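Presented below are the structures under discussion, each in the form of structure tokens.
Look at the two complexes coming up: subunit A is in both, with subunit B in one and subunit C in the other.
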Partner chain A sequence: MSLTVQTEQRADVVVVSVAGELDMATAPRLQDQITDLLEKGRTRLVFDLAEVSFCDSTGLSVFVRAKNSTDEAGGVVRLAAPQRGVLRILEVSGLVEVLRTYPTVDEAVTAQEPALD
Partner chain B sequence: MTGPSVAPWATSAPGANSGAGLAGGLGPAAPERLRVLLVEDDEGDAFLVRELLAEASAPFDLAVATSLREARQRLAGVHCVLLDLGLPDAQGFDGLRQLLAVAGSAAVCVLTGRFDEPLGVAAVAEGAQDYLVKGQVDGTLLSRSLRYAVERKRADENARKLREVELRQAESARLERGLLPQPLMDTELVRVHTFYRTGRAQGLLGGDFFDVVQTAPDRLHLIVGDVCGHSVDEAALGVELRVAWRALVLGRVPEEQVLPAVEQVLMSERRSREVFATVATVTVDLVTNRALVRLAGHPPPVLLVGGRAAPVAARGGIVLGVRPTPTPVTEVELGTDDWSLLMYTDGLIEGRVAPGARERLDVPGLCGLLAEPESHQVPLPALPGWLVGRAEQGNGGPLADDVAMLVLTRGGGR
Partner chain C sequence: MRMSVRLNLPREVNSVPAVRRLLRCALSLLHVDRQDGADLEIALTEACANVVKHADGADKFEVLLDVADDGCAIEVVDQGSGFDAAAASAAVAAPDHDRGRGLFLIRALSDNVRMDSSPRRGSLIHFEKRFTSVGGTAPAC
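Right, the complex of A and B next:
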């Protein structure tokens, strides 16, 4: 299965646009990109999931790992525009409570952090 | 006089080689053309080796590296390395060890000086396939030694690979016993059918697990879980969680404290912090036909009763290992004395609904399969296998992930 990952700086965040199916075969590719960004000191990340048609638990663990790393560095991870199926796995896993999820990329980019997470 | 005496030989050599190639081509089994990398800083010695191979009319492609550093860059595709133990950038065994470390599937032979034969013997003990003493080698011996070294290396490699596969299979079998135990129950009021199938992605197990424990004549505890990730580490962690759960249940730890304790085990034993697990647990009261259901990031069990199949309406909580929170509990009415509860891991519902389709089976699709008239004809013990078969049919091939299933059945079962 194919997966493409593109990044773009917008305001004070990096928008990581993911397209394709995020599973155990493709998740390492996204992980590599995230590792790259973190090494460059980019710790405010918005994942645009509009083109992600599927995400399994390995895919979820990539976001959890990104959240752990950016938390430590004082950054943020936000998810944007998940399709129905991906939103469902975020809900079933309960991770929607931890990985802040927004209906659109614009909302995710401009969102204000609550004082306490 | 050296120049003129060498020149005719040099021009005749290609002819000798092509002659050998022709003869080899006509033979029943032409010897394979071997690529040899000579690591030698002495031009004279390098010349000698080339001459010896030509003399034997042997089908070799010889390349020469004058240092260990150069050799490291030219190893790709090489069948055999011939290493001079007297190289300037790696005297003696240091050089040999460095080369063995990067040689991969290439055989390694060493060249020693005339008075250093014990070095050659020690080099073989160190891992080289053979040694040759300069000045005591003719073309036939050199070409035969190189060829044997390559064959010996291949045999060693095959034996090593076979051993690796055997070890992996033994480990897999051991983990499988740990992940998929015999139910611990003696009631005859209900029956349990278990099922497990590894995913197509790897022969090894994932971290799916299940268990069944009876703690009183009327009380049965079940769990199905999945550790995210697909390496031996996750499978081993799955075993730990399953055993921890069994111990906590057998130890009569209050029910609401069991999953928090399992979560603590997960968080203290996991390899890295992003590893989480999903679990569904069910405690069945066999007198009242009621169940307490807890879902930690896990899809809901499906209840088969009154000819229908539907997910139990239980509130779900977050996966274990990310943000420790008590998992919500929901009391579910199982109904009459004829019902089945199907517990499964997400591998079952992640297949495509049709070959090439984007949409996945998910819980509604699973219930759709169970609503098909054909499914009612399938005996309950065979139902998990039938479901996987139908899921694979829709998927257009084997499911990617592991599937673990438990069917708990009472009376007629549906």
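Right, the complex of A and C next:
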């Protein structure tokens, strides 16, 4: 099974739509795409996870790394529309507190950051 | 119904999704609750990923799936150079750490977890899960 990654500029963020199973076999593909975006100065990223049917700790690591990189660059990482299983691993790992997660892509795109973090 | 499957796999990245799909098929045949199945899929994926990452010196590893109506037991065994099972038992990684969550997740998502590892004997990760209910909508395999 493969993983597909598509990107689209929306308002002031790039929506990165991920589809498939995210594990150590597929995570490098997403990591490459993120590295590419960061190199181009795109540091405001919304990950559309609606089509991600599985995510393990390697997948989580990709999002944590993206958050750490965009934090340094003054950007943001938001997760959108995770399926139940992906939401569960975010909760169990405690990362749901760290990686801002929204029920829909629209909400993630239009979300306002707190004035001071 | 009860089935046992012993798998002998090459120690490579592509074995990880392959084993997960086999487990998914076995669980769907037994109509295991979707949430229980999803937790087991993550735990098995993490155990196999641990072998691929850390079992240096081994070119194969073994997975034993024992699936019944009321629960499932899984063992992942390799003859590699071992990992630090004590360190792996520690608490969850800090929120900004981008590694070190795999074995924590196995403990969080399954029962009766046993990890044994030494450079001479290789490693074994054993875990189980009691199924909360039978007859949920299992994902297609």
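Remarks
Please note the rule applied: the second predicted complex is superposed on the first by the 117 of 117 C-alpha atoms of A that agree within 3 Å, B and C clash if a C-alpha of one lies under 4 Å from a C-alpha of the other, contacts with A are read in each partner's own complex, and residues count from 1 in each chain.
FYI, a contact is a pair of C-beta atoms (placed from the backbone, for glycine too) under 8 Å apart; a residue touches a chain by one contact, two chains touch by 3 or more.
Note that this is a predicted model, so its numbers are computed, not measured.
Overlap between subunit B and subunit C is detected when the two structures are superposed via subunit A.
When the two complexes are overlaid on their common chain A, residue A:Ser61 makes contact with subunit B and with subunit C alike.
Of the two partner chains placed around the shared chain by superposition, subunit B and subunit C are both touched by A:Arg88.
Of the two partner chains placed by superposition, subunit B and subunit C are both touched by A:Val98.
The clashing stretch of subunit B relative to subunit C, chosen from 21-29, 183-191, 237-245 or 327-335, is 237-245 in the chain A superposition. For the contact definition in use here, the residues of subunit A common to its subunit B contact set and its subunit C contact set are 23-25, 53-54, 56-58, 60-62, 64-65, 68, 85, 88, 92-95, 97-98. Partner subunit B is touched in their complex by these residues of subunit A: 23-25, 53-54, 56-58, 60-62, 64-65, 68, 85, 88, 91-95, 97-98.
Those residues of subunit B that touch subunit A in the complex are listed here as 201, 226, 228-230, 272-276, 278, 296-299, 316-319, 322-323, 346, 350, 358-360, 362, 400-401. Listing the residues of subunit C that touch subunit A in their complex gives 13-14, 16-17, 20-21, 35, 38-39, 41-42, 45-46, 49, 52-53, 92, 95-99, 101-102, 104-105, 108-109, 139. By the touch criterion given at the top, residues 1, 21, 23-26, 53-54, 56-58, 60-62, 64-65, 67-68, 84-85, 88-89, 92-95, 97-98 of subunit A touch subunit C in their complex.
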